[in-house]
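Okay, structure first, notes after.
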Amino acid sequence: DFERALGEVQPAFGASTDMFERCRLNGIISPGEKHEKLHHTCRALVEQVRVSPKTPMLTCLLEGAAGSGKTALAATLAIGSEFPFTKLVSADTMVGQSEMGKCQALAKVFEDAYKSPLSLIVLDDIERLLEYVAIGPRFSNVVLQALLILLKRQPPEGKKLLVIGTTSLPHVFEDMGLTATFNVSLHCPLLGGEEGKKVLSQIGAFEPHELDAAVALLDEQTPIKKLFMLLEMARHGGGGGGGGDGDAEDGGKIPLERWIACMEDLHG
Amino acid sequence: DFERALGEVQPAFGASTDMFERCRLNGIISPGEKHEKLHHTCRALVEQVRVSPKTPMLTCLLEGAAGSGKTALAATLAIGSEFPFTKLVSADTMVGQSEMGKCQALAKVFEDAYKSPLSLIVLDDIERLLEYVAIGPRFSNVVLQALLILLKRQPPEGKKLLVIGTTSLPHVFEDMGLTATFNVSLHCPLLGGEEGKKVLSQIGAFEPHELDAAVALLDEQTPIKKLFMLLEMARHGGGGGGGGDGDAEDGGKIPLERWIACMEDLHG
Amino acid sequence: DFERALGEVQPAFGASTDMFERCRLNGIISPGEKHEKLHHTCRALVEQVRVSPKTPMLTCLLEGAAGSGKTALAATLAIGSEFPFTKLVSADTMVGQSEMGKCQALAKVFEDAYKSPLSLIVLDDIERLLEYVAIGPRFSNVVLQALLILLKRQPPEGKKLLVIGTTSLPHVFEDMGLTATFNVSLHCPLLGGEEGKKVLSQIGAFEPHELDAAVALLDEQTPIKKLFMLLEMARHGGGGGGGGDGDAEDGGKIPLERWIACMEDLHG
Amino acid sequence: DFERALGEVQPAFGASTDMFERCRLNGIISPGEKHEKLHHTCRALVEQVRVSPKTPMLTCLLEGAAGSGKTALAATLAIGSEFPFTKLVSADTMVGQSEMGKCQALAKVFEDAYKSPLSLIVLDDIERLLEYVAIGPRFSNVVLQALLILLKRQPPEGKKLLVIGTTSLPHVFEDMGLTATFNVSLHCPLLGGEEGKKVLSQIGAFEPHELDAAVALLDEQTPIKKLFMLLEMARHGGGGGGGGDGDAEDGGKIPLERWIACMEDLHG
Amino acid sequence: DFERALGEVQPAFGASTDMFERCRLNGIISPGEKHEKLHHTCRALVEQVRVSPKTPMLTCLLEGAAGSGKTALAATLAIGSEFPFTKLVSADTMVGQSEMGKCQALAKVFEDAYKSPLSLIVLDDIERLLEYVAIGPRFSNVVLQALLILLKRQPPEGKKLLVIGTTSLPHVFEDMGLTATFNVSLHCPLLGGEEGKKVLSQIGAFEPHELDAAVALLDEQTPIKKLFMLLEMARHGGGGGGGGDGDAEDGGKIPLERWIACMEDLHG
Amino acid sequence: DFERALGEVQPAFGASTDMFERCRLNGIISPGEKHEKLHHTCRALVEQVRVSPKTPMLTCLLEGAAGSGKTALAATLAIGSEFPFTKLVSADTMVGQSEMGKCQALAKVFEDAYKSPLSLIVLDDIERLLEYVAIGPRFSNVVLQALLILLKRQPPEGKKLLVIGTTSLPHVFEDMGLTATFNVSLHCPLLGGEEGKKVLSQIGAFEPHELDAAVALLDEQTPIKKLFMLLEMARHGGGGGGGGDGDAEDGGKIPLERWIACMEDLHG
């Protein structure tokens, strides 16, 4: 199914797809059944928007720990949807913008989407759009209220819209009334031991006989993003001198001692 | 009585009725006695405003869980009232508007209503007009105070006004003094098992012999809005591959396995 | 005494008296001794301001539950005072006005009053002037401070001023220092069973033999405002079909079943 | 000593003394020893500023319950001081003024005082200058900081300044650091039974044989301001019909029944 | 050592020294060993800045109860330092100034200091610069942040700077991170019994045989500032009639009865 | 390794390196193994950014007590990196700047970095950039949100960026979500007894036979910054008269009695 997901990817039109592509630079690997089921359910939602005459709008929240792969999943769905209008909305381009400015930008994206018969909007890292911080807590209620309205407002007759939001703060979102406003809320899991092993074996990071020892050093639940970072550190930096020519070649196997030394540097 | 309610619907004049019609796209189905009594009481209030010389103004709050059908009921009452002035006030058209702007818009609607001998205003989702969020909590006190005044201010001599508000936050509204400001407060119930069954059977979603099994998968109390969404998912999307041609035909029966798979995807 | 109070009413000059008249559209009925004593005390304060050379200013707060008749009482006193300057100050005309604007409007009313040898100002629903809400709580401290000063500031030599304020939040007003700033604070009681009966019998709402049964359905303590509303509902709307021609004639007796059905609709 | 205090009063120059005179319209009566000692201590402070070469500035806070006579005392001191510059600063003339405006007005008064060799400033009801309210609590920190600085800043060489502040919130002032900023803090007592009796007998409000009965109806501790108000009510208004010609003549004795009826009206 | 400190005082240049002189109008008296050690340590810091090539900047906080003599000590150090640039920064000249204005004024003082090879800045009563009040608490975070930066920023190469701050709120300053930002924090003690006696005897306030009785009336810990004020009151004002000619001559002895009466007036 | 670190330092280009040099005026001394390991890990991160094709961006937080040497370490890494773009961002140049101004300045630094193939940004004392104070707590959420975005935003294709942040508030940073946003978080330790001794012996501050006695007076955990300050005080100021010529010569040994006297002055 994962293969199929990737095979299906047929960019609708340029710029937007590029932005989504940048969200999944490591490609997409299947870490196991839980992840496959999640992908499957998501694709079914895309399908429902495409075909159901009674579903002018569907809103889905992807929640999961930092680095669990939410953005990569949303991007994969956007690319795979082949909808004529797809849009990534993130705070990246809004540093220091005013609350009102953000609201207008959000409203503009939805208005643009209403012009296409079939649209998909990704609201990535909604806590950043909301300028949320746990101390206080503080956040932009102006932006929150705009989202609460936009997520409930029906598109004009004959138009269809799928909204995918991502967050690592599901409990906060419940208190904000955001979770209840999304039609569906789905959980992005971390990698357990078995799943971590499957990922490491697929990318061939270690010699097969060292794989189990390497996996044993991981936390019980690891974000896939952190796993990729640790591999790069072990390959090029920490845990063994850091000199230029001592590097494990890119794509080559990582010696177990290096992996051990690297893990110690960071956690010890 | 439900039939009668629908039969009575005779739009007063164009645009406004269209907006109300969009709030009840699924038609109106009777889920049982509790709902019928609620409809009956509401229609009696409309009647009182129409005929009582000593009731220049009446204000009624519809409160109930998200998706319980508050907006659809208010819209049905507005359409059925045949009042010369009916108006839907919601935050949909106010994204990112200032507090003062909202107040002026609200005051304007009431001023407009005062010009008609018989008027009905629906204040839909009042928590959104108030920009309410439970964290803090925060809300626009400026808009709240405007509402508290407008809901108590008598229309000019000889004019009559019915205001119907909706909310899913009855306890918050009590703390705000809003509930006490409305003359009447009525509760919109969720669907219990029997009521869910009655709805499913009326729309013929399942083969009669599978109906009980289908109902058994529902929560004990289901919002009618969520029930309609689940049916669409089972029909077109989740729980069975999501391919185009495998869809249950629109209006056709939903196979029980599909229903089961769909429920699992979302709650499992 | 009540009769006398009404008989005394001799409007000073047009507009202002009209506004006060609109506050007591149902006429004034005596529900019993407690209310008569309250009226009596209030009229004595009016008298004191008129005659005492050592009382240039007197301020009196009427506090009581919502709908207990505070505004109607204040209006009756204003009309009965026959003072050359009487003024009703309420938030009705201040929707969405700024705090500063409200302060200036308040100060203006007092300045105007200082020009008349004998003046009476009604500050109705002071909590609305203050934009008070219990959540927080929040209110306009700017307006509160203006009131605290205006209520203590002596009128110019030779001028006399009576200020009557109304509120349903006596405890909040104590915390705000408002209660202590008023010279006198008087309580507006709700209707107990005997008092409710006396009102119902005076207006002849029920057949005498059904009166006790009708009273028995009331809460132990009822606001007079709510009682009038319930009577209108039973007469014209709820509790029996709501059809046009089935209405109890205006002024006619209300059938007991209709009263029962109406009470059930709202509380059941 | 009280007599002497009054005899001493020789207004420095017009306007300012008039304002102080208005603060003690009822004249000054001696309610007993505690009050005399307080007056004596205050006059000693005035004296110290006048003669001590090492006391360029002295600041004294008069604190006591509402209506205990603080403002009247401060005014009496100002008039009796015969200082070339005396000034009453109160919020009366600052309704709705901005925080900054208040600061500038305060600074201006001090600058003016610095120009006179001997000055006395009364800061009356400082909590009103601070826009203080117990809910929150809220107050203008801008004005507070200005006061904290002005109360500690030395006048220019050769100039002398006495500042007398009044407040009924001594505990709040301690938390604000205001009490510690004043050099001296003195307490204005309420009237106990004996003191109330002495006041009533001096003004001859009752027939001598009814005096004890009249005093017995007072609270254990009464503000002198309230006592004067109650006397006026009993004389002209409450407790006996309120008709015009039934009034106790001004200056005449108050019949005991009227006193009793009046007390009942207000507290009963 | 104290004598030496005073003898050393050689004003650098006019205006600034005058301001410092006004902070110690009573001269400087040695109340005992604790105070001498404090003075000694402070002078050592001045010395370190003058001579150490590795100490471009030193910051020292003087903390102690109100009136303990912090400002007088700081002024004495500034005068005694003979640094070419000395500056007293206090809120006295900033009444009602904006937060930004204060920041700019502070930054300006530091920039000015950077131009002199050897500079000393006294930040007097830092809580007032911060507009601190314990209720809330509230303070200007803008000014605080400016101070936190300025106190840590190194002067330009070759320039040297000593900053002396004073406060009576050491615990608040710890919570604000200010104490940790100063290199050194020193405590200004109050006067215990022995120290009070030494001061009184040095200035010859009482007849020797009455000295012990006079000291016995003091609190266990007295601020030196308050002691001087009490002496002035006993000499010229409170505790004995306040008449003009009865004053204890300036510089003459205070009769014990007057001291006793004065203490009673204020604390009794 | 420490030697190597210093030897490696080859300034990239003028101004920026100068600023970094000023952060480590005392040179860099190795206090022991813990510090060496920390330096090693940091240099490995620099190496990873230089060589890994899959690491376009790496963010590292250095946290440790005040004065533990964080800024000196970050500066050493920046100088040693030899990256074409290195930049020190601190609040020093932002006194009294607005929140928005700070955001723009931050965004500008990142945009500048994106233009260089290999960049290193030091965000020094991030709590000051955030205007953080523990009372409240208060901080600029606008600046925080900008940082949270900038620290997660990928540089453009082909560009590489290392960000090193410093803070002494690791727990606050966790609550703010900052710690989780950095890829790596490393701890800067204080000096224990052994480490203090090693530093004192390397710089030859005491006669060898007095070294242990000198070390014994230190706290169990000392910030290296404080250690250098204490040495300067003992050498030039506190603990022995402070006269000019009595100073221990710069670079000469510190007599033990002086060290003892100095420690007593400050802590006693």
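Here are some notes:
By written order: A, B, C, D, E and F. Residues from 1 in each chain.
Simple rule for what comes next: a contact is a pair of C-beta atoms (placed from the backbone, for glycine too) under 8 Å apart; a residue touches a chain by one contact, two chains touch by 3 or more.
Keep in mind the model is a prediction, meaning the values are calculated, not measured.
Taking the mean Cα position of each chain as its centre, B sits at the greatest distance from chain E. Chain B and chain F have CA centres that are 60 Å apart.
Rounded to a whole number, the gap between the C-alpha centres of chain D and chain E is 35 angstrom. Annotation: 70 Å between the Cα-based centres of chain C and chain F. The multi-chain contact residues of chain A, meaning those touching 2 or more other chains, do not exist; every residue touches at most one other chain.
Taken in ring order from chain D, whose neighbour in the chosen direction is chain E, the chains follow as D, E, F, A, B, C. Remark: chain F residues 22, 66, 91-92, 94-96, 128, 131, 133-135, 138, 228-229, 232-233, 235-239, 241-244, 247, 250, 265-266 touch chain E in the complex. Taken in their complex, chain A has these residues touching chain B: 37, 40-41, 43-48, 50-55, 100, 103-104, 106-107, 137, 139, 141-142, 144-146, 148-150, 153-154, 172, 175-177, 180, 183-184.
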